[in-house]
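Below are two complexes that have chain A in common, paired first with chain B and then with chain C.
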Partner chain A sequence: MVNISVDNQKIEVEENALLIKVLQDNDVEISHFCYHEALGVDGNCRMCMVEIEGAKRPQIACNTLCKEGLKVHTKSPNILKVKQEILELELINHPVDCPVCDQAGECSLQNYYMDFGLYGSRHSVEKTKKAKHVDLGSNVMLDQERCVLCARCTRFTQNISKSNELFIIGRGDQARVSSAPNKPLNNPYAMNVIDLCPVGALTSKDFRFQQRVWFLDSVESICHGCSKGCNITIDHNTTKFDNDRIHRYRPRRNMAINSYFMCDEGRLSFHKENKKSRHFPFNASTLRTLMCTDESKKVMLANASLSVENLSILKLFCDKYSIELFSLPIVDETFGDDWLRNSVRSANASALEFLEISSSYEAFLKAAQTSKLLININHPLLFENIESHAKIMHFTTHDFEDMGDMRNIVSFASYSHENGTLINSDNIIQKFSKSLHNIHSENTLHHIFTQIDNTLYKTQETLWSGYISKQLGLGFSDIQKMGTKLKGVNNA
Partner chain B sequence: MGVKVVHRHGDTLKEKMYLPAIFAGMKVTLSHFTKNISNINDMQDVCYPEQMPSDITPRYRGVHRLTKRADDSIACVACFMCATACPAECINIVATLREDNIDEKMPQKFEIDLLECIFCGYCVEACPCDAIRMDSGIFSIIERERKDFIYDKEKLLSIKGAFGSENSHAK
Partner chain C sequence: MRKIFELSPQNLEKLSALRKQYPEQKAIVLPLLWMVQNQLSYLSEEGMQFIATELDVPYMHVYSVASFYTMFIFEQPKKHLIEVCRTLSCALNGADDVKAYFDDKCDDDVEVIEVECLGACGGAPMCAVDGKYKESLDDAKLEAILKELKC
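== the complex of A and B ==
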């Protein structure tokens, strides 16, 4: 450990730590375009200039290593002047079309101009024209005029996705990002370049012109696309003229799981959440008669993407009324890879073991043959009508094909409507939060089953203290913000 | 993120006390009052609606209109600045891709609910493209049904400016 001083404040850091990382970790504002924790140092944008005592000229913080006694000034008048001049250079050929740019409101160029730009234009000749809307493929739109050539996108395709689709071609004011002819951006993680781009050069075709970002409310959540459990931010909003709708998912930094990224399929999975399902209200007494009083054999099949809380309440309910509970994780071998995509497409498949819920397909089929009533909790297997003579009662979040007798359907809130926890494929338990508020928000699975049986745990807090914490070996308040690794079932 | 500080008037002690300004205003009011009460038959008034007001100036905030560019295409680029500034939230914009190669973005839908509008003029101030103006000179809006007070894009484009300058002056 060494001592350095930043703006006259003493900080103790690891020797040879990157100065820009130290500044970021200590909440010192440091402007930058090209440096990114996941992509490493490039040093081309020069925006992270700091003054170092003893050095002749301003130095870039992203390529400075911390040594004992380093004295750094980030806000001296000289540095602000240097940054303003670099910014002026960046903006010489920038089209300044913020009104039509989707990045406006979360754009580094805009922010830095407001921080230390605020100069009048000295530019008197025509600006260089480049391509304005190039479709790079994979939902990515490129505007070469807005680009600051930080090379984050090209470094992503070279070092992280290793698909090498993007390059910077040309020199001087003709330098621009481009893909090779007839080789569009084509990899399952391509849309991450949109988040990486600090300006409006790369924008999402999916989100393009949908909303201005300052109208969006952000909620921290977990992607339910597979059992990897990538951390996401759900951006949604209700306007006076439209219902509560999700507009995009963005990956959220969690170095233990997804770093800064997520796959395109997960990113676009919000369209399914937005799809309106019809509202099928439930009648607690009818359901009670159907599921609790009848003595005949009953089988329940729960979707393994349900939260730990919902699976627990189902487990308690089924144990009490001797209903056989199964949950079959959905496995898609073609989906998985060795990074963020997991073949197990059910987000909470790892929880089944902790909650002692059977996931045996054969046992389920055997039980379903002889049962009189099948209770389907949002599992796609039963939407496709497997061969069975039993009556099927559907609890569903979305409309499905061939809904048949609508009297046997109850709609309930999907994951974006409620709080919950998930256990991912690495046994890391994480919380997600409620984002959407609409007609379905009231009808959570927890609410429905506590209405059917009033003696079950009424709230998530009592459910956790009374049941889940015993099963998992930790309490709700023990779960860290970035998730907590659970011990295996046998050690718990 | 940076914040641009705009210095406003009203820093002096005289302005902070408010009272001098109140008395100055009262002086005007009282001078009119005494003038009118001494000569009650010669008061200036307008028998509206038989007699229309003649003092509508270019600064008057009438019904909004959407301007066009010199090539007769819509000037609005659907940047949502007016909707962001609007305190009554009466502007409903749905943006779409502009296909005519003049710009990238345009409103697919642009509706102003004139029953909710408070005619503050913030939308005009906020517009970076000089695309929305209130220089129609129309001060009286009469419709038969509530839904007719929601002026859509076509209607707003069809309203003419009353003071000469027709097209958007944005560069």
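== the complex of A and C ==
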């Protein structure tokens, strides 16, 4: 450890720690375009200049290592002037079209200009024109005029996705980001470059022109697209004459799971959450008669993306009424890769073992054949091929194709409408929060089953303290913000 | 069928010599770009793909390097190529007029482009006609060039 001083404040840091990271970790504001924790140092934008005592000229914080006695000033008049000059250069050929730019409100260039910019422009020469709407592929639109050439996007395709589609071509005032002719941006993680871009040069075809970012409400959640459980921020809002609606998913930093990224398929999976489904109300006493009274054999198949809380309440319910409970994770071998995407597409598949829910396909088929009643909790298998003679009772979050006798359908709230926890493929348990409020005022699964049998744990809190914590070996409050790794079932 | 690019025997020899010369294979991108352009008169997609495969670098790397230099061209040029230097010495000595002269007088068989310093600043203003340097250009020399190209 060494001692450094930043704006006359003493900080103790690891020797050779990267100065810009130290500043960020200590909440010292440091402007920057090109440095990114996941992409490393590039040193091309010069926005991170700081004054270092003893050094003749300002230095870039992103390429300075901390040594004993380092004295740094981030806000001296000289530094502010340097930043102003860099920003002035940045704007020579910038179109300044912030009023129609989707990045406005979350644009580094705009923010820094507000902080340090030179308000009266001194430019008189004509601006260089470049391409304003280049469709790079994979839902990514490029506006070359807004680009600050920080090379974050190109470094992403070179070093992280390793697909090498984007490079900077040309030079001088003609330098611009581009893909090669006939070789569009095409990889399953392509849309991450939109988040990486510090300005409005890269925007999402899916999101652009939809909403102003300052009108969005953000909630921390977990992607339900596969068992990796990438951390996300759900941006949603309610506008006039419309329901609460999700406008985008953004990856949220979690170094143990997804670092800064997520896959495109997961990113776009919110469209399903926005889909309006018909509302099928439930009648507790009818359901009670159907599921709880007679002695005939009953089988329940639960979707393995249901939260730990929902699976638990089903488990308790089934145990009590001798219903055989199964949950079959959905596996898609073509989906997985060696980075984030996992072939197990059910977000909570790892929870089944902890909750002692059978996931045997054979056993389920066998049980289903002799069963009188099949209770389907949102599992696609039973929406499609129904070869059983048993009566099927559907609990569903979305309309499905062949709805048949609609008296046997109950709708319930999907994951964005409630709080819950998931256990990912690495046995990390994480919380997600309710984001949507009033799309179809659905009942949660928990509510439905506690209405059917009101001796079950009424709230998520009591369910946790009474049942789940015993199964998992930890309490709800033990779950860290970035998730907590569970000990496996076998070595618990 | 897709055209496959192959180096000529002489260029193949040069390549194997270069491989020994440079420990970092990426350094051979530039000489190879020249070889491809010399053979085809421009850089085709197949040609650049050949370089990428040969040196095991991404295609986009080759393309981005080539795009940095004004002297590499990506489309089949016209019959003749006049490269007018526009960098400082030439610019001060009237590169603009040279360019304007050719633009005005040359017919459709001739491609006139501006390039950066060709390393002949002592003979500014200058240009290269199909690769041959023409220096200290004045009215007479310009006319002679046109005659040579039969415009």
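Things worth noting here:
Assume the second predicted complex is superposed on the first by the 487 of 492 C-alpha atoms of A that agree within 3 Å, B and C clash if a C-alpha of one lies under 4 Å from a C-alpha of the other, contacts with A are read in each partner's own complex, and residues count from 1 in each chain.
Assume a contact is a pair of C-beta atoms (placed from the backbone, for glycine too) under 8 Å apart; a residue touches a chain by one contact, two chains touch by 3 or more.
This is a predicted model, so every value here is computed, not measured.
Partners chain B and chain C fit side by side in the overlay (superposition on chain A).
In the superposed model, A:Phe241 lies in contact with chain B only, and not with chain C. By the touch criterion stated above, A:Asn111 is placed in contact with chain B alone, chain C being left untouched. Of the two partner chains placed by superposition, only chain C is touched by A:Ser179; chain B is not. In the superposition on chain A, A:Val100 contacts chain B only, with no contact to chain C. Touched residues of chain A, counted separately for chain B and chain C, are more numerous for B.
Using the contact criterion defined above for the overlaid structures, shared-chain residue A:Gly120 touches neither chain B nor chain C, since it reaches no partner. After overlaying the two complexes on the shared chain, residue contacts for A:His133 are found with chain B alone; chain C is out of touch. Minimum Cα-Cα distance between chain B and chain C in the superposed model: 28 Å. Put simply, chain A uses no single residue to touch chain B in one complex and chain C in the other.
Taken in their complex, chain C has these residues touching chain A: 45, 58-61, 63-64, 67-68. Of all the residues in chain A, the ones that touch chain C in their complex are 158, 164-171, 179-183.
Those residues of chain B lying in contact with chain A across their complex are 1-4, 77-81, 84, 89, 92, 95-97, 103-105, 128-129.
Remark: chain A residues 97-100, 104, 111-116, 118, 132-133, 208-210, 212, 214-215, 239-241 touch chain B in the complex.
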